[in-house]
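Shared between the two complexes below is chain A, which has chain B as its partner in the first and chain C in the second.
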Partner chain A sequence: MAPSALQPPTRLSPAAALALSQQAPAILRSSTSIAYPPPLNKLLSGSENSEKWLQYENLIMSCLRTGDDQAAHACLRRLIVRFGDDNERVQALRGLVKEAEARNNGALEEVLKEYNQILSGNDTNIPIAKRRIALLRSMGRLSDATSALVQLLDFSPTDAEAWSELSDIYVSQGMYSQAIYAMEEVLVLAPNAWNIHARLGELQYMAATAPGVASGSYQQYMAEAIKRFSRSIELCDDYLRGYYGLKLVTKRLLIEGALAAKQTEGSEFTLPDTNTIERLNELATAKLSEIVRRSLSHDRGWRGYSEGDIAVARDLLGEDESQVTR
Partner chain B sequence: MAQVPMQTIHRDPQLFYWILFPITIVMILTGMLRHYATVLMASDPKKLDQKAMREQRALLHGMNLRANYHVLSKPSFTARRDALITAFESGAYLKDPDSRGQPPPNPMSDPNAMEGMMGMMKNQMAMIIPNTLIMSWINAFFSGYVIMKLPFPLTIKFKSMLQAGVATRDMDPRWMSSISWYFLCIFGLQSVFNFLLGSENAANQMAQQMNQIGPQAGQMFGPGVDPNKQFLAEAENLAVIEHHSVLDGVEQRLLEGIKM
Partner chain C sequence: MTLLSKAITALGGLLLGHACYSAREHTTLLSLRAATAATLTSSPTAAGSLPLDIIIETIVSTFIILVGLVLGTRPLRPIEWRVWAGKIEREGEEGFTDSSGAVDKDFVGNPFSLLEARPNFVDIRKQRRDFSEWVRKGDAQRAQ
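The block that comes next holds the complex of A and B.
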């Protein structure tokens, strides 16, 4: 699929981002920056739509990523002309451009000071608050970033993006139960997001396999991980990540076998019996190999998987086979 | 049966150019004027300060939890519920915790509420004034004429609509008076405005009236609503939830649901 300037470019591969930023001159040329007064604009420059501005925004990001600062500035100028200098989103984008152009830590400190200044004037400027948090994080000041995020979430607890960022920070520090809490908040805001369900399963698995976990909570985590992965598959058929996680968890449980037998009483989720785990494992193995096979042979309707994911899934399946032959 | 003789009225053809076109053009121009007047007068959406935003979003957070509790496991739901209920009942999220329990202030004295009402008044004025002016202009200059004959036959019921201002009982309803043309313009120019001003224009008052009848979504946090009471109600709603999780038995559902 060719990259479109309408999608946010955060997940693009480097090659795709490069291709996108190479479109920038064409896009910039195709639309003039002169604003005609209506109704002349109808006749001269086509209708204004929000897609155009979204396109500029995404172009800025991929241009910065590929080092085309000039085009990024051109896009930013158009956004400033249209929305004014003090629009919150434009301010955040300008900050982003400055961050990207900063060559050393001192320049980043400057940008940070600017953010603080903006926030002291207007403490509900959420785009800037988020930029500040991202900047703190990329400067390595994790505790500052965490406390800023917690403060943001205190007055805006319905922000799924912020919750998942918080979860990510906690994971990077190994604080799994906090990370799980934050991820559950995302789920409360988006109850049917299968990727979040799978992510939560991954977090539970990480928490279970972290060193120094008591065996009671280990089983708890594993049991909920199975449930989360199952739910994510239930919501999205042929979801590779869900099957991968399911297989990973059930495989581990089957190897440990004996440990799963003794159940702790009174806990919320108990591990399913060995028979169910085996069947789940079989299901996940079969589905994974189907996905890998079909995707490698480029069948119709099976092309959306990323190559990296397929390769990892194949490795997991290969591990299985080598154990069997041994 | 004798054929009803064709009614012919000898009109000055100039009537057509000096009444029909002027009315249409004036209607279009006032529509555009009204659009720009609304755009200019529209006050920016009021910026919330941090406390007010916190109050609203905390309430929304509670509602989200109430709606989507089934994605959580029981312990994590109970922890959240207990925390939220305590906070809601103690008024921890209130904008000004001191005014708890006091009767809500008179919405007339609240400057924010006044601003909202002023905005509505302005919109109303932008609709009423031009309409009154044009109506009286047409009445003063063009009343009492028949200006055109529609090219298609109509039943007698249309008489009152098309021949307003011309009280002639036996005239064929196909004849049309200037006031009627004005009314037709009011109702029929929407597509012209859509073309000229874009589809979100404020030129047509019909659309605006529809909006006023329509949703009252802003009412939830509007003036005159006591946030403390909302929080208490929400706490109660949370407290009565009987928890069940979507994760209960999900493995079995999965094994049964997916056939290889």
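The block that comes next holds the complex of A and C.
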């Protein structure tokens, strides 16, 4: 099934992005090419819906990705005619097109200068501020990007997306405790987001298994990871990612069983006893194998998981079995 | 399922129509008889109500129509968070399609996936590079 042009295409697979950008000519053709400016549009082109503009926005992104610059420009032109040249979102999209077409570093510097100029006129232009951060990060200037992002969060602390980006930048630099802090801020803003709980669990696990972690904080990280994964499962039935993480963590803890016995007393998060960990591990194994089995046999109502995820889960289960037979 | 509900609704409609027709016939007959009776005796006797069987038929047919309509509604959306979230993860788009195969307009998958995808921070140059890499790999595979 072709992906819908109504959803942001940043996480699509290359094949899906290609399919989406191939819809572009049809979508461009199906709507009138003349977009009238605000006072006339109501009279001449009937009612408009917001979906149309969202579609254009997403098409720009996927067309740029697949290298179809012509279609991207066509979409952008329509947005400019409709919303004007100085609309913040349109400005950001125009910057995006320029970034994508920049051939060398000089051109990128040029785009960056433009962003700075816009921000010096209006420093609360959040879409442009975000583009600038993304561009800095893309150019490898991570410290600049981080400080700009922290500045942005200073005056807009309820922006969950920005906190999530900050966390991602910290992870890419291996600064796990900062990344965990930023992810916790996302959870404060979106407490029911099951994927963010799972993500935080993954961060805790990464922090725990990073080289050179003290044994006390190792256990704390692992205990937190179990909690986060469990919460994500609590928020979402049959959540493959949550069960996968839970199994990964409990398996590791069971292998190191002896270590868990002597816990540091008085720390905020203590590991549950071995019995509980064992039962959690059994539950995760049972659930994972059910998901894998039903998904592989294409049962009705179990086809929502991605094939890659299922394959990885099967590998994890397979590892387990080979250990048992040995 | 839909055929059954349609059949039941149609049956209910038929019964209701029959009841209406019977009621009309009954009142016509009654007024005719009253007119003829009035010429014979001057007492207005037959102002009576509808017979019981027509009343019962009306009520029963209304209920049958209701049952048919209720059976024909789409399955209700889950109201528990974890069930709803699980449905999104487990079934994907399939769980939110109607009988004609079109995905619900307001279906967006996991609404929180935006927090991980971060469309406003997209690194378009990297995506472009990755895509051309993917194309080249596909070409190489086809050439083999």
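What we mean here is this: the second predicted complex is superposed on the first by the 313 of 326 C-alpha atoms of A that agree within 3 Å, B and C clash if a C-alpha of one lies under 4 Å from a C-alpha of the other, contacts with A are read in each partner's own complex, and residues count from 1 in each chain.
Keep this in mind: a residue touches a chain if its C-beta (ideal position, glycine included) is under 8 Å from a C-beta of that chain, and two chains touch if they have at least 3 such contacts.
Given the structure is predicted, the values throughout are model-derived calculations rather than measurements.
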| item | value |
| --- | --- |
| Superposed partners chain B and chain C on chain A - clash or fit | fit |
| Partner chain in contact with A:Q70 - chain B first, chain C second, else both or neither | neither |
| Chain B versus chain C as contact partner of A:V188, first or second or both or neither | first |
| Touched partner set for A:S215, first chain B, second chain C, both or neither | neither |
| Touched partner set for A:E234, first chain B, second chain C, both or neither | both |
| Chain B versus chain C as contact partner of A:N105, first or second or both or neither | neither |
| Partner chain in contact with A:T274 - chain B first, chain C second, else both or neither | neither |
| Which superposed partner A:S177 touches (first chain B, second chain C, both, neither) | neither |
| Per-residue touch tally on chain A - higher for chain B or for chain C | C |
| A:N116 touches, of chain B and chain C: first, second, both or neither? | neither |
| Partner chain in contact with A:P157 - chain B first, chain C second, else both or neither | first |
| Minimum Cα separation, chain C to chain B, after superposition on A (Å) | 12 |
| Intersection of chain A interface sets (partners chain B, chain C) | 234, 237 |
| Residue ranges of chain C in contact with chain A within the complex | 81-83, 85-95, 103, 108-110, 112-128, 130-132, 134-135 |
| Footprint of chain A on chain B - complex, ascending | 32, 47-51, 53-54, 57-58, 60-61, 64-65, 67-76, 80, 195-198, 246-247, 250-255, 257-258, 260 |
| Residues on chain A engaged by chain C in the complex (per definition of touch) | 1, 4, 6-8, 10-11, 14, 17-18, 61, 64-67, 92, 96, 99-100, 102, 127, 130-131, 133-134, 137-138, 160-162, 164-165, 168, 186, 190, 192-196, 199, 234-240, 300-305 |
| Footprint of chain B on chain A - complex, ascending | 38-39, 42, 47-48, 122-124, 154-158, 180-181, 184, 187-189, 191, 197, 224, 226-228, 230-231, 233-234, 237, 268-269, 272, 276, 279-280, 283, 286-287 |
